[in-house]
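Shared between the two complexes below is subunit A, which pairs with subunit B and subunit C, respectively.
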Partner chain A sequence: MRTDWLAHSILCAGVLLFALPVWLALAGSTQPADVIARGEWSLVPDLHGLGIYADVLRNGGPGVTPLWRMLLVSFGMALAIALGKIAISVLSAYAVAFFRWPGRRLAFWVIFLTLMLPVEVRIIPTYSVMAGLGLINSFTGLTLPLVASATATLLFRQVFLAVPDELMEAARMDGAGPWRFLRDILLPVSAPNLAALFVILFVYGWNQYLWPLLVATDPRLDTVVIGIVKMIGSEVQTEWNRVMAAAVLALLPPVAVVLLMQRWFVKGLAEGDK
Partner chain B sequence: MATLQLHGLEKRFGPASVLAGIDLSLADGEMLVIVGASGCGKSTLLRLVAGLEVPSGGQIVLDGRDITHLDPAARDIAMVFQNYALYPHMTVFDNMAYALRIRGLKRAEIATQVQAAADLLGIGALLARKPRQLSGGQRQRVAMGRAIVRNPKLFLFDEPLSNLDAKLRVQMRAEIRRLQRRLGVTSLYVTHDQVEAMTLGDRLLVLEGGRTAQLATPMDVFARPADTYVAGFIGAPAMNFLPAALLPGGAARLSGGQVIPLPCGAGPAGAVTLGVRPEHVSLADNGIPLTVELVEPLGSETLVHGRMADGTALLAKLPGAAPVGEQVTVALAPDAVHLFDAASGKRI
Partner chain C sequence: MERRTIFPGRLLPVLLAAPQIALTAVFFLWPAGQAMWFSAARQDAFGLRTEFVGFENFSDLLADPLYRDSAGRTAVFCVLVAALSMGVALLLAVFADREIRGRAAYRTLLIWPYAIAPAVAAVLWILVLHPQVGLLGRWLNRHGIAWDYRLRDAQAMSVVVLASAWKQVSYDFIFFLAGLQAIPRTVTEAARMDGARGWRRFRTITLPLLAPTVLFLLVVNLVYAAFDTFGTVQALTGGGPGKATETLVVKVYRDGVVNLDLGSSSAQSVLLMGAVIALTALQFRVLGRRSAD
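Coming up: the complex of A and B.
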């Protein structure tokens, strides 16, 4: 009982620690900018100030496009990155895990080595390549370099290696070719892992800052993360209520994705047969 | 329905030879059981026939057609795996229908064939379930159904009963035999269980270290094992092996000094190994003294583990609940003694 009490109080403290900043943003967003600037804002949200959300969505803030637009760009980017990464890494992991071909080991290690070069390290050459291809200030330029992913390839390789060999052999004897096996057996069997990875990659894509900042100077390609930063630095007096409202709104899509997919992949894991 | 011939089939993994020239010929509808200790190459042999491994040499001929280098799908062979390898996300119906769908059969035709196979196996009521909702025995049946529904030329069984509990194993063993006879499909059955080997096969192939140790009917293998490996493998409890010296005039002297008369004259004098099955050891007043180490009463019979004076272990299977003291004397039935060369282990 005593340990229970102790564990629960630690958990409660943790929840408080994580929830407080979010609550502060929520409460702050509904109060006048000058009150926040003086540091006198209340922990109780002012319900009359809720109109700011509609205003931020429709009109944005000083120096930025409307927030709905930035949310859309962010959503499109995160979705493209997550789906693109999954498509590429499923195929490369499939090749590395299931086929015997000359250079397989080498290919695997080359993929593995790219893990040691994060986006930040190769950002200049990547920019130069994108500039050469004429993809600066385009949606393709925004997403494509972030799609290639060693992490996801490694993850899927492990998932695929855990699939019993007999399953592939049974499918081969049933007459399924490589594409059929991938589509009919391997992907459905790995569905819970696909869902889990999609969540992680979506959030990863959503939170991208450095690359969008570099490659897209056109305000129409501003992501919501970029937008929030622009709102902070642009005027003499930052409209903190707007910034906080934008932050709260920027929080919603990833949370929604996590909640939706979580239900799905927990169900998948519970149904699993391993 | 087909015949199967293997000609000098070989498999090497790098420098290690797993199968060294297997020759085999199966008649139409015959069930051949492949037995051997683990690592003897029996699963590899099955996988070569299935097309899941590429042979290093030799030829596989099914129904008069050379299939050595064909893709597994093109061989018209069905396989039942040890862990069943059912597709976990598909229903029983879809599991059984998958191969037919790939062949492009019509929906109605697939439904008819799956239903027929399911009824044959008594799983007609389970078609809508997923594999995880089935018991071990039911999964086993679905795996069989998946093989049957394709109506293949050849069945391959890779230790299909080893994941079942003892009672179910006996039941499924009889059922597999019944089904195989009824469908008349030529079959290869791999097992390490000698009871399965004895009861299921028309013929037995005993593999040792990638070579054929013996190929004969089960009763032949039991009655006239080709060497000590086969003799020790077939029959439970396993045969006793006693070092002895062959005497001129048709007798053998055990290392303890006792002389056993041999019925069949026997060959030149020299060191031999006597093989005696435990059921051919009986209590006798004037016999070999035995120090009893362990008595296992099984109800209908009693197993007596003992040691002869020179330290050689001897197991006796006595009928009924025989009362056994700490010291007994036993006799070996002379006409049930097998004689093997001491050096090569080959039958004399």
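Coming up: the complex of A and C.
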């Protein structure tokens, strides 16, 4: 086969466009802060400077807590949101798809409505509700409001409706009740969707910015995304090498999750329509 | 669509749906209701008295040139971000769909930026574009171009557009590639037989077949640019210089959280909800058409 030079050069340019800024952060993080501030840093990482990673993990930077702490908060938040959303969405989709009960339609529409109300459009009232419930500056306040999910419920409903009736009839013939059917048949059958959704929701939780900014002013609840923006806040004395190291550490976990579960993720995203 | 076989029982399903409904009611419906109430009220300067003013907050808002500027700015911003990210993603997807060596590797290397947080994307671009620190920013200044996106309006806008679009390319790429792969090879082969080549084949065969994906992504990108770029803007310019990059969401944040103007901020929230409802309705029409294909 003839080599398609045009395709290779365009795709390589695309790969570079994505990789270059991250490479810059990696190279810059290993160089002294004052050299970077003067703009005299190079594209080649200085391997002797790798100690900065241990340093920011242990000590953080000006105005922020140690990075290990922020990474832990981010990790807890992403995990709680992803698993919480999946759990309550599976249950409510199961109720909507496999049962008939009064108020079923109303419940479905109430859930559907939330699709239209992202945090960004209801900043102040949501804050005042949180304050009324005493959830400001708590891990619960950080995660619980983001756990309700219309998208995940709609997706699982779609998946559950596509399960053949014969499968359920057979299960009931064998004497399986609702719980056993869910656990032994429905969840294993939907495993690829669960995996794909986990990736999408983990990334969603990890990348939150506006919500933690509003609801958690206690530095001990800073996520790593919040921390980085704080670190560049004071332009005068920004320690750029720390910022760059923090940026690299902040993007590694979600990127790792996407790459490790790439196969399911791409399938789930493109098939499930978001 | 309904299932033929169902489980009996009424209490169990209510219990199953209860957690989702409870969270939705407490964290979505209640605040949304409050937003509507606040938007029709006005507090005096000391926050002691609240009076009902009807639609006054809305009419003030719509008459406010600052609000109109912000709305227009947001529209321009959204269109630029959507056009840039979708254009680049489509170009990459078309070539990644060709039968070339290393296809799988290219795909992986183009998909991972999906995971980068908007605010982190902004920080990465600061390293490129900062007038003193950034490699490209410094290069521009050395070559006689006065580059400082923290001082110049148009430069600030181009920087937030660039960083926002960059982060969205991977998402669009995944969908375009899936859309291209869904086009039957026989169709493109037939076009090839008929002598349609390169650009013409793309324009007359591929693009029309890809139209549903384009429409779907257009809505998703507009919603992304309007609502998910708060972190990007906040980290890069904070909405400045002045109000040069103050999108509607940044304005709600500034007016509500920073300036504590409850009535106006709530009225803005209600208008944004209206916009999201319109875009969601549009999305479902598009999706409906998509699944009908």
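Convention: the second predicted complex is superposed on the first by the 251 of 274 C-alpha atoms of A that agree within 3 Å, B and C clash if a C-alpha of one lies under 4 Å from a C-alpha of the other, contacts with A are read in each partner's own complex, and residues count from 1 in each chain.
Note that in this section contacts are C-beta pairs under 8 Å (C-beta built on N, C-alpha and C of every residue); 3 or more make two chains touch, one makes a residue touch a chain.
Remember, it's a predicted structure, so these values are computed and weren't measured experimentally.
After superposition onto subunit A, the partners subunit B and subunit C occupy separate space and fit alongside each other.
Of the two partner chains, subunit B is the only one that A:Val189 touches; subunit C does not reach it. In the superposition on chain A, A:Leu83 contacts neither subunit B nor subunit C. More residues of subunit A are touched by C (comparison of subunit B with subunit C). Once the two complexes are overlaid on the shared chain, A:Leu57 sits clear of subunit B and of subunit C alike. In the superposed model, A:Gln262 makes contact with subunit C only, not with subunit B.
Contacts of A:Leu11 after superposition on the shared chain: subunit C is touched, whereas subunit B is not. Of the two partner chains placed around the shared chain by superposition, subunit B is the only one that A:Asp174 touches, whereas subunit C remains out of contact.
For the three-chain arrangement built by superposition, the Cα-centre angle with subunit A at its corner and subunit B and subunit C at its ends equals 90°, in steps of 10. Shared-chain residue A:Val35: touches no atom of subunit B or subunit C. The superposed arrangement places subunit B and subunit C with a least CA-CA distance of 6 Å. In the superposition on chain A, subunit A positions 169, 172, 177, 271, 273-274 are in contact with subunit B in one complex as well as with subunit C in the other. If you check the complex, the residues on subunit A that touch subunit B are 164, 166-167, 169-177, 180, 184-185, 188-189, 191, 271-274. Residues of subunit C that touch subunit A in their complex: 1-7, 9-10, 12-14, 16-17, 19-21, 23-35, 38, 88, 91-92, 95-96, 98-101, 106, 108-120, 122-128, 132-135, 138, 166, 169-170, 174-175, 178, 216, 220, 227-228, 230-231, 234-235, 249, 252-253, 256-257, 262, 265-266, 269, 272-273, 275-277, 280, 287, 290. Residue ranges of subunit B in contact with subunit A, taken from their complex: 50-52, 71-73, 77-79, 81-83, 85-89, 98-99, 102-103, 130-132, 146, 150.
Across the complex, subunit A meets subunit C through its residues 1, 3-4, 6-8, 10-11, 14-15, 17-22, 24-25, 28, 36-39, 43, 88-89, 91-92, 94-104, 107, 110-111, 113-118, 120-129, 133, 144-145, 147-149, 153, 161, 165, 168-169, 172, 177-178, 181, 203, 206-207, 209-210, 214, 225, 228-229, 232, 240, 243-244, 247, 250-251, 254-255, 257-259, 262, 266, 269-271, 273-274.
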